[in-house]
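Order as written gives the chain letters A, B and C; numbering starts at 1 within each chain.
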Amino acid sequence: MAQDKLKIGVYELTGCAGDALLIVDCEEELVPIFTAADIEVFLMAKSDNRHGDLDLALVEGSVSTEKEKEELLDIRRRSKIVVAFGNCACVGGIQAAFLDKKNWEKNLKKVYGNHDFSHSQPVQSKPIDAFVKVDYYLPGCPVGKEQFLSTFNRLLRGNPPELYRFPVCIECKWQENDCLLNKDILCLGPLTLGGCGSVCPDHNIPCFGCWGPTEEANLTSEYRLLLNKGFDVAAIKNRMANYSGTRIAEFFETFRKEKR
Amino acid sequence: MRILKLQKKDFFPFLEVISKKAELWAPVAKQGGPPAETLPDPHWASLAKREKFSFERIQDFSKIAMNTTRTIIPPKKIMVPASFNMFHFDEKEYREDLSHVTNRILFGVHPCDIHGLLILDKLFSQAYSDPYYLEARKKTIILGLSCWPDEFCFCKSTHTDIIEEGYDLFFTNLESHFLVWIGSSRGDDLIRLAPDYFDERLTEKDIKTYINWQEERDNAFQTEINFTRLPDLMELKYKAPFWEEAGAACLACGSCSMVCPTCNCYNVVDKQFLGNRPGQRLRYWDSCTLTEYSEVAGGENFRGHKSQRLRLWYTHKLRAYVSKYGKPSCVGCGRCLVTCPVQIHAKSVADALEGHPVDAFWKKFAEEVSK
Amino acid sequence: MNGQHKCLADSNPFTPEPARIIRSYHLTADVKFFQVRFIDVERALSFQYKAGQFAMVSILGAGEAPFCLSSTPSRPGLLEFCIRKMGTVTNALFRLPENALIGLRGPYGNGFPVEEMTGKDILIIMGGMGVAPLRSVLLYCLDNRDWFGRVVLLYGAKRPAEMIFREEFFSLKTRTDLECHLTVDADDTGQWPERTGVVTTLFPSLKKVDPENTYALVCGPPVMYKFVIKELIKLNIPKNQILMTLERRMKCGIGKCGHCAIDYIYTCLDGPVFTYWDVLHMKELI
């Protein structure tokens, strides 16, 4: 094993800080985590933060101001590996669910009026890979403890992580749950990345898609299926748009064009 | 083969005796779900109405569901759990972990699922023996139970509606009593634990009752698939456009593989922990309908399209096993019929292969999208 | 097809056995050569395999992956691998120093039908990494030179610097009992003494081939097969004497995990060596 400890930074852009909180929540593993690596930056957990060169940067949140954009570019310059940490960093999160730029500008005006943003100029919220190269994506809202720890472990040892790429349905079936979609409940399991252990369907709550879409998410088929089950467009759109960030925006954009 | 008679009143006492030998597992009803009448689609409403079942460890015999249809997950979960550890490892060695293997009595296994296990036996022992499956299989006593088909069962078409091997005891559930087939020496030992409950003398009337029951059951099947033509049709219709249509609608959720009694594919991932804990080599159920299934290092994917993956799934069920063992590796349990959200299942695919009209969402989807 | 499989009743076929990296060095920028030996001396000597078979290699914590054996069974004791840095396991393997421990199990797969090939002319055509499995059979033929007729080697690499085992093959050129033709797609050095052009451009310079008496062994990148096979068919080499070895995702190597399934066969049990007839017969092979 390498004797030099990995230098790690945990950064929070626009988001709820839930992913950073999850690290702090790894109670039993917390001391081993801080022992195994040099945590250089972690605003939530320590006060003496050193913004130097890093081996690994975990970046939570989406980019929604000019300042964050600069910060992100700076993190990338200083870090060997950048991990998009959580749903907002991976796909943009709830704040990125606007369909187009005009829509976003309208909403900004509606909320803030003619406010003068002297602090930092807001930009339309986007996942971090819109600005920098991302090495690994750790999805989840927040990220799963199990997946975080196994990824952290692999990166510590210099191995690339093996992330779950299958949809929630896989784990849902492992738990032997009765399919909610088949009971005509608006469940996004087939579209959503697994790894959460299908916690919601385990409790008869449909999947809300909080881990973001799988690489092959068949939005068209599920959308049609839900329409066929009698759900109205708005209900489907609201549910799908919640956590899918920019990807769902693109999907509905193509739909809108088709309709015309 | 010995066939004995067991009075219904003696059934629980018999379980009481044998369950001292090993953990008793059997189907129980699962809770949950909305009331069926609130559901708009009559097809799904009819599915939601029926109770769902699952093999669970039994403490209270009254919980055992005697008149069930299929469980959500077949008994393969007892032999190879959905996710388990194969090895503990450290710098020095890989140490085998067989902790999922325990002595179990599995009651309530239907003929189709016993056939499913017989197929898994072949797959997990051909060329090399898989100790994880075979050890658990050896330590699991199979007590079969007769069943009654619903509209999704088609085990008569796959000739898996009756069973002659692969069980230790088989209980045919007649109105007033059980007829109990003894299928193995181990099964016979169970009977010998409580011989007084069993009666070897079957009357003419008992036999008549059984034959009538069998005839009635034979006539109760509502779904039929002609499997003899399907291997040829898989070949002839290799490029048929319906594969694309099914592929376009497929959600790639993998549920069909999870619930199929003969799907045996799995993935392996190594996991390490902080500190000095040994690592684990985890093995979990996989599905050939998932994106990464045929992807090699470097990212090349030999089956990039869902239609190709679906076709592989059906090649394995309808054709591959036939060419090796002379029968399909579909046992007619109907699980894919009740599980696939877009209704890509043995029946609709067989219909498409035969050129029959297909009544399924994926077909409807293809029509909607092409508009 | 149908390699020989042994079934040890009371041992776990999934257990990796400890082995040591005896030597390792770079063959090209992203390809490394590994010499490996089982820790257990008896195992090192009892590990018998056929050219074209593969082994499952475990790297602590990174996982397990299949690699074909590049050494020849005619020189037992040491196993050799020629590996390109591609994914998780190879990345970890590349970082390991000499003398490091790895896990090894095998050999698996059918391998080349060397008994059938005995007495015949052998035409080996390889591109890029295709050298990994074919070096085994080439060395086997050379070690048992009297058992075979003509031995012809055609090897194409992209650039001179990407020619794997370059020195080894150059030294083979001096042998009179081997026809060794090397080519690169493009010469960016200006120093390349051999031919330039894709591997099929070597065919015209071949001395007359006796097709019925020839076994053609092909391995290379997927795009190569189509063109090479066209040439071989032009030479009238029978389809079941054109052998190729294929790559697939594998998690077990012994016909259980399902990943390498093609049509109704498993690459790990029925392959990785297939005939061109198999390819025509079973869709999806290449």
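Points to keep in mind about this one:
Going forward, contacts are C-beta pairs under 8 Å (C-beta built on N, C-alpha and C of every residue); 3 or more make two chains touch, one makes a residue touch a chain.
This structure is a prediction, so every number in the text was calculated from the model and none was measured.
Fewest steps needed to get from subunit A to subunit B, stepping only to touching chains, is 1.
The interface with the greater count of contacting C-beta pairs, when B-C is set against A-C, is B-C. Relative to subunit A, the most remote chain by averaged C-alpha coordinates is C. Comparing chain C-alpha centroids with the centroid of the full set of protein C-alpha atoms picks out B as the closest. Subunit B has its Cα centroid 36 Å from the Cα centroid of subunit A.
Rounded to whole angstrom units, the spacing between the C-alpha centres of subunit B and subunit C is 40.
Averaging Cα coordinates per chain places subunit A and subunit C 42 Å apart. Among all residues of subunit B, those that touch two or more other chains are 269-270, 272. Residue positions 153-154, 157, 162 of subunit A each touch two or more of the other chains.
Contacts with at least two other chains are made by residues 61-63, 87-88 of subunit C. Note for the complex: subunit C touches subunit A at residues 61-63, 87-88, 91-92, 95.
Against subunit C, the residues of subunit A that register as touching in their complex are 153-154, 157-160, 162. On the subunit C side of its complex with subunit B, the touching residues are 5, 7, 9, 12-16, 18, 58, 60-65, 86-90, 101, 103, 222, 247-249, 251-252, 254-259, 261, 263-265, 269, 283-284.
Within the complex, the subunit A residues that touch subunit B are 29, 32-33, 36, 149-150, 152-154, 156-157, 162, 165-167, 169-170, 173-174, 176-185, 189-191, 204, 214-216, 218, 220-222, 224-225, 228-230.
Taken in their complex, subunit B has these residues touching subunit C: 86-87, 89, 91-94, 96, 123-124, 126-132, 238, 264-270, 272, 279, 281, 286, 288, 293-298, 300, 302-303, 308, 312, 315-316, 319-320, 323-324.
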